[in-house]
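One chain, chain A, links the two complexes that follow: it is found with chain B in the first and with chain C in the second.
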Partner chain A sequence: MERTALPRAVGVGRWQEARLVALRDESASARTLRFDVPDWPGHLPGQHVDLRLTAEDGYTAQRSYSLSAPPDGNHIEVTVQVVPDGEVSPYLVEDMQPGDALEVLGPVGGWFVWRPEAAEPVLLIGGGSGVAPLRAIWKARASAGIASPARLLYSVRTPGDLLFSDELLTAPGVAVLYTRGAPPDSPRAPHRIDADDLDAHGLSPHGADGPPTCYVCGPTPFVEAVTQMLIETGHAAARIRAERFGATGG
Partner chain B sequence: MNDDEVPQTDAYVDGNTLAGPLSAVFGGDLTTATAVCAGCGHAAQVATLPVFGAPMGLVARCPGCSQVLLGYTDLPGGRTLDMHGMASLRLPIA
Partner chain C sequence: MAAISRGFHRRREQNPALPPGQHLTTDFPVLSAGPTPHIATDEWSFTLTTETGEQRTWTWADLQALPSERPNVDIHCVTSWSKLGTSWRGVSLDVLLADVASSAPYAMAHSYGGYTTNVPVADLTDGKAWVVHEFDGRPLAPVHGGPARLLVPHLYFWKSAKWVRGLQLLDHDRPGFWEGLGYHMYGDPWKEQRYHGQ
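Let's turn to the complex of A and B:
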């Protein structure tokens, strides 16, 4: 068990079996998968895993997915949005059943992480399935009872695309910002996140509790636009942590 | 996610995606390490580098001059890490 000598933030560097124990549909095209990983070393909210599928002929395909839930013993959760014509995501969302197994490497990543000892305010901004690691941070921070403020801005196309809707729609401090179609009673016309949204729902870099650490996750163009906006509104680049994912692969 | 309302001008992600491959090679996290470009001297944390490619073959470039800092391939014959574009890699205190 020399592995246990490694810090918890460090990936163990080897692949191990993960068995699916539960499924939860998040939308028509996204699902949260809960796996049992017997030797899971624990993780930090924000970290991700690499998942590997192996076909009967030996062909393998692997993808990175953020862990969407805080540490919970030997259980981990990932939330996967189907990429049409993708190689991995259609299997995970549409075909995989409890009892099925795949291989997992992780947890990995030491940059886009939130540490339980961090008491400063946090501003979380996610686009699409980029909300997944932010949900892990949000839940972990809430259960840690940290007094400083936290905000989550979640940019999503339509109500039908919303992930974690039961948790996020009514949670104080969470703003759901629709880009393509909003509910009829919504006061905000659908549009991409802008500086007015940051003003209305974000946290000031000059607030009484000190500047927040900003976590931005989503497709690359979303992350580039939001980080630029944060810098223009006075947030220091050094306090912005970003994680980008691409439109290809899946 | 394929968010078709935003322009997909650049098919790149960032160095966070190197966390798995690099941990498989080194047994620890290198994404918080600072990479210095051998070409222009620009220093940046690995997690922030623009990364191009697919899971089996990745290239990280210098944000300053676009030189290739790191190339990674994972092929049936083995994993290869090419870091000749990097002058140094400084790991933070654990």
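Let's turn to the complex of A and C:
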């Protein structure tokens, strides 16, 4: 948890209007929303934003969401999974249409971030919609052409829950690990991510390119289990960055 | 004038116990930057360091021997969830601070794992803050900051340092971990002081 200097793009500032320009359904209950934000200051992969909805009667509700795409001018993307009985996520996933507006504050967070000048290997491990900020890191790192290895382990319940399937299912270096139901041709029986999975698909802390920086994002129990496994397999706690989210609240 | 989100309607009742921009949760989400440290109580200690370098250390047994209180408080996370009526048990910072001579106005909390957060001393005294080791009548779990964490419920919850191991009293305010990464130096939820510059 040591750090030496203030990062670029610590961000925030003021609330500003964002207009929805494109939608992509990721699964039956998750959607990627692309917004145009005229004065967007840029962001680092891994950062998040606060989104605020305002009703006709002035009522407001806000939530934090990870940015799921690398910086791209005035455009930002968030990928939202519907939370049953939620207040904000059902609107974003089921009701919002291109041309509709909300407010955005950000980018937020200077710790769970990846910087383009970082040359070391990275090990990304996501559970469920926790893959969203890792997808931003993965894409940014791929387009930066960094030589050292990167791996993405994506734990997901069933094939129907898979987000970014067109990008991730066949990408080299990505392992999709099903916990409840796998496709019929899958050699791995569905189970929660374990030390054998890390061994088979992860990166060693003693590899020739040096130890990876590990990014772990998902529900709290997932992050607790994975971060302890990483420590038990020799990864230094100081090289493990985590982002957790609760079971409810969205 | 805020942008209206067409078709968005209130789905929840307004609750006067909620600061602006917050919503209720009934479970207990976690915000931490890294792995959870697992600290045994016989390894745990808490050290107060004054601005002159004087130190006072309490072991786990020392802490348990002090008079404890059972605060029942609302907590507010900067990520916008709030949890009402949480019950804790621990030692008031008034008791610990009474044991050292200091006129320092600021404090930095230090945690196992390297986390830090800054809080003015005035926000730690007069019954406003505790070192707590029980939640809901049970030993505080490591994932929530056990064996002991700071509890400063009138500020956003990142100020309530998990896995706390000491307080350093300071003549000048300095940013802690999140405060140096864009979060507010003080963090009053009722003024919605989430981020730097708000």
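The rule is simple: the second predicted complex is superposed on the first by the 242 of 250 C-alpha atoms of A that agree within 3 Å, B and C clash if a C-alpha of one lies under 4 Å from a C-alpha of the other, contacts with A are read in each partner's own complex, and residues count from 1 in each chain.
What we mean here is this: a residue touches a chain if its C-beta (ideal position, glycine included) is under 8 Å from a C-beta of that chain, and two chains touch if they have at least 3 such contacts.
These figures come from a predicted structure and were not determined experimentally.
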After the overlay on chain A, what do you see for chain B versus chain C, clash or fit? clash
Partner chain in contact with A:112 - chain B first, chain C second, else both or neither: both
Partner chain(s) touched by A:64 [first = chain B, second = chain C, both, neither]: both
Check the residue A:91 against both partner chains and state whether it touches chain B (first), chain C (second), both, or neither. second
Taking the superposition as given, does A:185 touch the first partner, chain B, the second, chain C, both, or neither? neither
With both complexes superposed on chain A, which partner does A:128 reach: first (chain B), second (chain C), both or neither? first
Tell me which stretch of chain C runs into chain B once the two are superposed: 4-12, 22-30, 58-66 or 94-102. 22-30
Contact residues of chain A, present in both the chain B and the chain C interface: 6-7, 10-13, 50, 61-64, 105, 108-112, 220, 241-242, 244-249
Chain A residues touching chain B - in the complex, by the definition given at the top: 6-7, 9-14, 48-50, 61-64, 81, 83-84, 105-106, 108-112, 127-130, 157, 179-180, 192, 218-222, 225, 241-250
Contacts from chain A onto chain C in the complex sit at residues 1-3, 6-7, 10-13, 15, 17, 50, 52-57, 59-64, 87, 91, 95-97, 100-103, 105, 108-112, 220, 224, 227-228, 230-231, 237-238, 240-242, 244-249
Of chain B, residues touching chain A in the complex: 1-3, 5-17, 19-20, 23-29, 31-32, 45-48, 54-56, 94
Within their complex, state which residues of chain C touch chain A. 2-12, 14, 21, 23, 25-37, 79-81, 113-115, 143, 177-178, 180-182, 194-198
